[in-house]
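Structures incoming, each one as structure tokens.
After this come two complexes, each holding subunit A, first together with subunit B and then together with subunit C.
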Partner chain A sequence: MSTRQWIGPTRAVVFFAVIASLPVFGLAHWAMNMLVFTLMFAVMSSAWNLLGGFAGYPSLGHVAFFGIGAYAEVLWFQHHAIVSGYEPFWILPLIGIGVAVVGLPVAALSMRTRADVFAIVTITLLFVVQTLAFNLRGLTGGAQGASIATAPFPAATYEQPFYYVLLLLLALAMGLTWAGMRSKVGLSLVAVRADEDKAAGIGVRVQTVKLLAFCVSVGLTGMVGAIWAYYESFIYPQFAVDPLITVAIVLMTFLGGRATLWGPVLGAFILELAQQYLAYSLGGSEFYLIAYALVFLVVMLVMPRGIVPSIQDRLRQRRRRRVVDAT
Partner chain B sequence: MHALVQGVILGVLTAGVYALMASGQTLIFGIMRVVNMAQGAMVILGAYLSYQLFTSWGVDPFLALPITTLALFVLGVGVQWLFLRPLHAGDRSQLSVLVTFAVALLVEGFMSVTWTTTDRGINTSYANASWTVFGYQITLVRLWAFLLSLFALALLYLVLNRTRFGRAVRASVQNPESARLLGVESEWVSAIGYGLGTATAAAAGSVYGMLYSFNPNSHYDLISRLLSIVLLGGLGSIGGAVIGALVISVSSSVVAAAVSPIWSQMTFFIVLLLVLVIRPRGLFGASMRGAI
Partner chain C sequence: MTPLLEVDGVSKAFGAVHALQNASLTVERGSITALIGPNGSGKTTLFNVITGYLKADTGRVRFDGHDVTGVKPAYLYRHGLCRTFQQARVFGELTVLENLVVAGGFPLAQLFGRRIGRSDRNRAGALLDEFTLTRVADLYASELSYGQRKLLEFAAVLMSEPKLVLLDEPTAGVNPVLIETMAKHITRRHADGTTFLIVEHDMNFVMRLCDPVVVLDQGQEICVGPPAVVQDDPAVLDAYLGA
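Up next is the complex of A and B:
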């Protein structure tokens, strides 16, 4: 067996082992907090990648499903007492499936169009969900926000349960991506991105794979929303449905590399850490917005394919050169 | 009944302003196949510019129009040249959505730094003057805004149908490849077209600033409404944009009068959903080519 076959699995094992052992070193709360958010974004960009990267449908409305997941979690525990701190995590699969079911009709409607119009429809959805979150006061508490009981974890290791649940979710998202890339579904999605009409013409089940990608993608995003709501324990419409989260997810995927397994994760680790740093050092959110937009533009113009594909290209070239030298 | 008719009048007058913004949006799409997410931000920027001219030097917003439209025309040409021109042709429709979204964020950030995030409004001396016709109230500013929009739309129509540049634009819309083969400088047409599109945003922005209060965040609200109008009318069709603006504006002000102002904010989304179900390419959309 060649060594190259082992590179992928080894990389995954090392990555997850390192990330899983980080809390053992007793990191400070701000560092753990930063890592929790980084993992949230890593999961969400991996999820976005399934749809925006592989299928080529750039959704700008994913945060709407993040918000729906968050409110679902809060509403559920307004009516059910929390017995143990881990209980809110058990209903995550339910929330994931619920959000996917909500996403199904949205997907069926919005995917009647192509990439650019799809972006329009999804961004409109975002604002509609935001307006609803503000105005359905009986349900969401409107601008006053909604709350859920604070998790009864010991203060010293408060972040750890969230951290490990998110890590599991990241493994799930990446596992799905990996399985997808190896199966007919992934191939069909790439065919949809390349030329949807031709793909349909040669018998790819275009509609099925598109809907599948959309539902899995928003389901994962909804679960992250639920974890976020429990972590924050108090949520407001403007943060639960914040357009900037969408921007961040998209940007991370583009930076790391669309339609790759590691790209979105890499993008999330680079950008979220940079973002937290910028937020601390620049303080005011206005300059921060400008800095963010500029990074976005530079990434789009200089490296539209992302880091991982660019590195892969270079490695491939070097390997080819080595073969030429040897002969 | 009275409230309903009043709602229709209000809707028609407001539709003029939206038609103006949307015509720029649809023009940009027609020429470049770019869904311009920055249009809303440009409108708000136009509003801030005329706010600044009004508060600092007392320039009437209507008289400031040449200055603001020219400024945003130049800005639009710059944006096209710097950010949209370098995009790869294959990925253009997907990437341009994200790039123009980033431009919108950049403009939003710039506005929050310059004018802070508090609500502003342009309060001219005649802001509250109104006529009463057959018992229905017509605000003077709205009427002027409506007439101005008609004038600007007529101007746009003349530019597109009576000038050499307009002919080049129409050729590029109908068939970009052939137009290029026949000697149309597509880079220039794109740059000037994008500039014209943002210029209409500036004109609409000055008026918008007199009708509503605004802050740097307002562009989110505008962009989703504008995109719905453009989709309803059919991407790339200016006549469609006008009809789309009428339909959405009248229906939302009727809902506001008959049901509640909260639900009127959702009307455009319901119209958008109906469009997607019944006729995804819009009322006057070009048949299958590239985008839809």
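Up next is the complex of A and C:
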């Protein structure tokens, strides 16, 4: 194996080792809270990237599935007891699959449109689900909100179970992305993104890979919603189906670089940490939003295609030049 | 033996524009048939109808003895009828090798298999050599010149082992050296038994390579025959020069 082949796995191991060991340093609650949210966004950006990045379908409705996952979690535990505190994590796979199944007909319908039209169609989905959450009072409690029992974890390390479950979920999302990129699914998805009609014309299984990308993407997003609901223990429609979350995950993915393994994660770490930090330091007024936008604008000005692709391009050109020089 | 491709009385209108009016066309097995005609005479529309990208209003298309009117492009592609586009349509974000592999098709079970497996490499390798693309196999298609992209698109559709290849203006916007390369590849493939239907404006290219030549004007076939005959046909001169 050449050294280059080791870079990828090494990077992954180092990243996960570092992130996994952070709580050991006894970080303050505010810091842990910030990291929990950062991981949530890292998972959701990675999930969004499968659809918006690889398949080229920029969904703005992902937070609808976040909300469905959140309400599914809450509703389930209104009828089931939480004893050890870990039960809400055990049913995550079920919620993921459930949300993916719900996503299937949505995908079949909405993916008849493309690009900007698809974005608009999915954004209406977001508002439909939000309206439902407000108005199906018997089910969701409407604007009164709905609650799930608070986790019986010790106060000193309260965030840690959430943190590690999210880290596992991030590993899953990135693992799926990596496997997808290396398989013919990834090959087909790039073809779909580049020229869907041509791809269909040469027999690429356009429909299969599109639906697959959509369902996996929203399934992961639904699981994050479920964890979020448990973490917050009280959820309201305006926060469970918050357009700002959709905007954030799209921005993060664009910032880090679409259709790359690390781009969405990097984008989430930069933007979420920046946002939280700015919110703390600039106070309660919404002034931090301007600073937050500024971070985004500066990076986009310097690297319009996102951070990871810009770096990859530069490396690729250097390598090519070296090859040319050598011959 | 029946002709490889028979187009019978195809009409297609876009609103008030009658792109094709009762157009007919026959492509014999083993021929290099040219389809020429002034701009707007319906050549590309006919291509789109034949390959299933457009639905004809009336008329039938028969390919290899089967009625394939209104059949999906992917089906035709898998059964030996493929095409290239006027503006080379290759996947810019895939490498040259990947472009060939994706065009080669694979069974559903392989969807989760390696992106580029060894068998893929072997299958594509011969074509890469044939088209002298081996050196650029790992470049992104977007990094190729326009002419090379046309060559790549041509090579890629050959992955499906077609019986009939439809080329839409293979030499438009391509430098003279590459035109010769293109001609060479067409001739070689033709010698190996592939049939061609080519839309082309470069008359020199058409006269050299193709026989018969079909002339289309205002959505109708106005003349068919060997290049020398077509060249002197008054109806053809009329269509091109306008009288």
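The criterion applied here is as follows: the second predicted complex is superposed on the first by the 296 of 327 C-alpha atoms of A that agree within 3 Å, B and C clash if a C-alpha of one lies under 4 Å from a C-alpha of the other, contacts with A are read in each partner's own complex, and residues count from 1 in each chain.
Note that a contact is a pair of C-beta atoms (placed from the backbone, for glycine too) under 8 Å apart; a residue touches a chain by one contact, two chains touch by 3 or more.
From a predicted model like this one, the values you see are computed outputs, not experimental measurements.
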Contacts of A:Phe153 with subunit B and subunit C, given as first, second, both or neither: neither
Touching partner for A:Trp178 - first (subunit B), second (subunit C), both, neither: neither
Partner chain(s) touched by A:Asp195 [first = subunit B, second = subunit C, both, neither]: second
Subunit B versus subunit C as contact partner of A:Val204, first or second or both or neither: second
Touching partner for A:Tyr164 - first (subunit B), second (subunit C), both, neither: neither
Contacts of A:Gly186 with subunit B and subunit C, given as first, second, both or neither: second
Partner with the higher number of touched subunit A residues, subunit C or subunit B: B
Subunit B residues within the subunit A interface of the complex: 33, 35, 37, 83, 86-88, 91, 93-99, 101-103, 105-106, 108-110, 112-113, 117, 220-221, 223-224, 227-228, 231, 235, 262, 265-266, 268-269, 272-273, 276-277, 280, 291-292
Residues of subunit A that touch subunit C when the two form their complex: 179, 181-188, 190-191, 193-195, 197-205, 208-209, 259
Footprint of subunit A on subunit C - complex, ascending: 51, 53, 73-74, 77-78, 82-83, 85, 89, 91-94, 98, 101-103, 105-106, 108, 110-116, 156-157, 160
Partner subunit B, residues of subunit A touching it in the complex: 56, 58, 60, 109-110, 112-117, 119-121, 123-128, 131-132, 135, 243, 247, 250, 254, 285-290, 292-294, 296-297, 300-301, 304
